[in-house]
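In order of appearance the chains are A, B, C and D, and numbering begins at 1 in each one.
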């Protein structure tokens, strides 16, 4: 089994192409370790900010047809505590028979301006994480033309270059799908020196309404959409990056729930595949299950590794 | 029953707030008549262009989790034939006992440049349709900054003003959700003189992939997403228009499948509610069913009309 | 939950029926009734409706057959494919033929099999193959095969399909064509309508499948009070009842949903039957123009 | 298909238990097991977990109760609400208490009711109410009520909830507190642990529910070989097992999913039990600091 799913990502050996994305079962080292043991090749921390954040008041999640809306509010224990959790995770992994020390970690960080991104990245650089992921999906307007950060090629590029300057670790840019010019942003991120792209962050956002009380269900009113129904759009954005000629490694995610979805994501052009909301539908075992489903696909098709799966382009 | 669902829209009396949107069961007068009889207050024609269009090769639709992708390719019999269908529809409605002549029609038109929009609108103006709807969701790039039509405030505004100049009929602007600056587009459409907004057109687009053959399922590769899973995003965009202070009538649509969905759309700020893809899930009877569900909600809540449903803003 | 599942699978078998007609078989387990159709694509541009001509149990599970005439781009591509090549299908779609005793009857009196159920199955061109599955289901439902008569109508001897297969069922098969070299046993020199007329109303149900004009030509020969079901063809795009491409006039009956099998009461109300069809764009094309154009 | 349904409904009843504790009841039909919790919101900012304290059939259908202590913003808002006001709940969530003979047992030997099943139910503060539903289910499952003993631990007499209700079930109820004005019948002057110790190991199962430190204090008095289940509280956000907020260390057991009812083997592995909890941000807050902060 391991042979066929093993891969190398930016110089780090992963036991599977499956990735735990930022925001799902990743606040504490324990959850991340559990997910690694269950079969994720790479785990991402909750997006970390300078200071701890409590996040939004509840309700913070609501299930909708085909997926889920969440407005966690980027709750996180802060970069310092996050670094400690990664330390504990690496320590626990070193002592774990099943992992035998192999537990690659992607540290997600976010800020609302370049300076903060840089100062957090400087700290993340000294952590035991293998990669640094920049959550660039901030809908706040930060540039002079009134364009939100996530949609500003220039801001995205500036933040990436600035972070690249302060870290030796590979830098992954996590992109928002909620922009008109997605491939341009992806291109700008690539040109600015990102080592990989991670797509997609949550879609929308969307609203759910309680018709008995005529109230938005989420206390934040809107929440980002994830889960099976965002998959077609995630596949399209990955595909379009490839069609636009971007040659950078891509972690593709958005609604991946089973082996078939994962194969689709690889066919769209992803190198690794994130699995987040599916934990809701199939439990943390989803990683083990999708690994098995991927393997059975490979066997049925007579392929000897997931890398030999054809892309549609 | 009729009392509580009747409404007046841009001076036209409708028997229900439910609207058949462009693209669903609306190529021929027969389908549109059937849907009117089944309870739609307003029916929209398939988007009509100068010339007949065969549309894309099949597969043109594919079901995905929570919804559907379609790439019909804007097949339509052309504006002249469309005008004839509307004539036949009005004739049939006049002779129909159930409709007793009451069959409001919205004529959807589209083009890829302003001149064509105007020339089609001139023809549509002479039709028996009650409203003209401009399908402004074209992803083609038409402006000097490389912004697609759907995302260009300026182009949207120009097309609307130009069309307003050549018709006395109320003009409805149908907007694409696939833009970063949705409320600005909606504002520009309002300022340019649109009499109402219709939102949302299909989301994405998205891709579905056949993993046995490693091929996109749709021959067009990508297709617009509709159905239940787009509802949260449709609700959010309608809500945001209201929050931004837009006072224009709105036809809200996107995934409305049952009475609860329709109530949510009204609470988000819509005046009328479109029901398209739900025909797939519940048949053309969906209009009768949702009317009944709306009425039973009104009764349960002790409201005497759907207009008294509270908005969340 | 996906309602409309797609099956991508190898062609299990290809049978050459005539130079222009082949039967393609697939190992797939669907809910199939006689008269229903599938949508078939090779993911190479084009997805087309084909009636199910057979559905049977084999040692490899269920085997579904469609019988296809080479006509244009898409069907020609299919004719270049081999056993084992992958294609993709979805379905089965639409309404099905009436089987006495089954629940799909609109007609109460047929809910249990009448002793004297004596149907004629009249198929023209590639309209014939779905009648084969119908004949099997009728016999399964207890209709004596000797009660079932099949009229296969075509241009010439070559167009008269499935004779052997029907004969194996023990039903009587009459090949009707206006150009026949030998008008021997089981042959009728003339049109489908003339063949039906020759039965002298010794039947109490008519199933027909084929071009509109063929089906329409039968009507004068179906006595009042005799029920019939016709299998219609209209331009199909979505096949799931949403696009409106296959809708008929004036009441919007969708051939992909309420059809393709329509009952007499439905057929009698159609204004397009035998008069016009809608093309891919939704434009109206009259049958007389079509015929004129072809000549 | 939505798995996680939300129910927005009027408060059917409010019972004042003490000045600071009220029971809120709802007419709603859920799948409920003892030990499970619901998430409750007034759509006014905040959605909080509450254990189900009762679930019974009434003439108006099922009636679900949660018993709530006024503690902070959210609970204070609830205490301003009236019968008939709307709130919204989802659930029931999480693992449930073991009922002999039921399938939710991790322990084979209890699958059919042992003759001598003699449990102690030990609840502290608002940990007690869920034990009421447990007691009812145990009795329904055939455990003699005389075999069931309840220790209600609290700060003072006021904190000793549900005495009458438990008495109606015929189980023995001991109120344990360090400050008691009268230490009469059914009262024990001391902690929960001391009360348990006073039973002198005359029990073969312990259910406990309440603050970590209370539950931890029981452990020395539970003999080796005696199974127990503790009901845990951790910070809940999603309650559907995805956000990780409620995960315990070191193996990631989620209190909203694998918990809140954990078995001895699970509890023994916890490193945070009685040591620290995570706050809304995920930061670690140690119990000693918490206590210190409160004093």
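The rule we apply is simple: contacts are C-beta pairs under 8 Å (C-beta built on N, C-alpha and C of every residue); 3 or more make two chains touch, one makes a residue touch a chain.
Everything quoted here is computed from the prediction, not taken from an experiment.
Number of steps on the shortest path from subunit B to subunit D, with steps defined by chain touch: 2. Identification of common neighbours of subunit C and subunit D yields an empty set. Using the mean of the Cα atoms as each chain's centre, the chain most removed from subunit B is D.
Centre-to-centre, using mean CA coordinates, subunit A is 35 Å away from subunit B. One finds 52 Å separating the Cα centroids of subunit A and subunit C.
Along subunit D, residues 1 each make contact with two or more other chains.
Residues of subunit B found to touch two or more other chains are 64-65, 215-216.
Taken as a contact graph, the chains are arranged in an open line, each linked only to its neighbours along the path.
Looking at which chains touch one another, you get A-B, A-D, B-C.
Across the complex, subunit D is touched by residues 23-35, 46, 52-55, 57-65, 68, 70, 72, 75-78, 81, 92, 210, 212-213, 215-217, 219, 276-277, 279-281, 283-284 of subunit A. Against subunit B, in their complex, subunit A makes its touches with residues 64-67, 69, 147-148, 151, 178-181, 203-209, 211, 214-216, 221-223, 225, 227-229, 231-233, 235-236, 239, 255, 260, 263-264, 267-268, 297, 309-312. On the subunit C side of its complex with subunit B, the touching residues are 1-4, 6, 8-9, 39, 41, 43, 45-48, 86, 88, 237-238, 240-245, 247-254, 257, 278-284.
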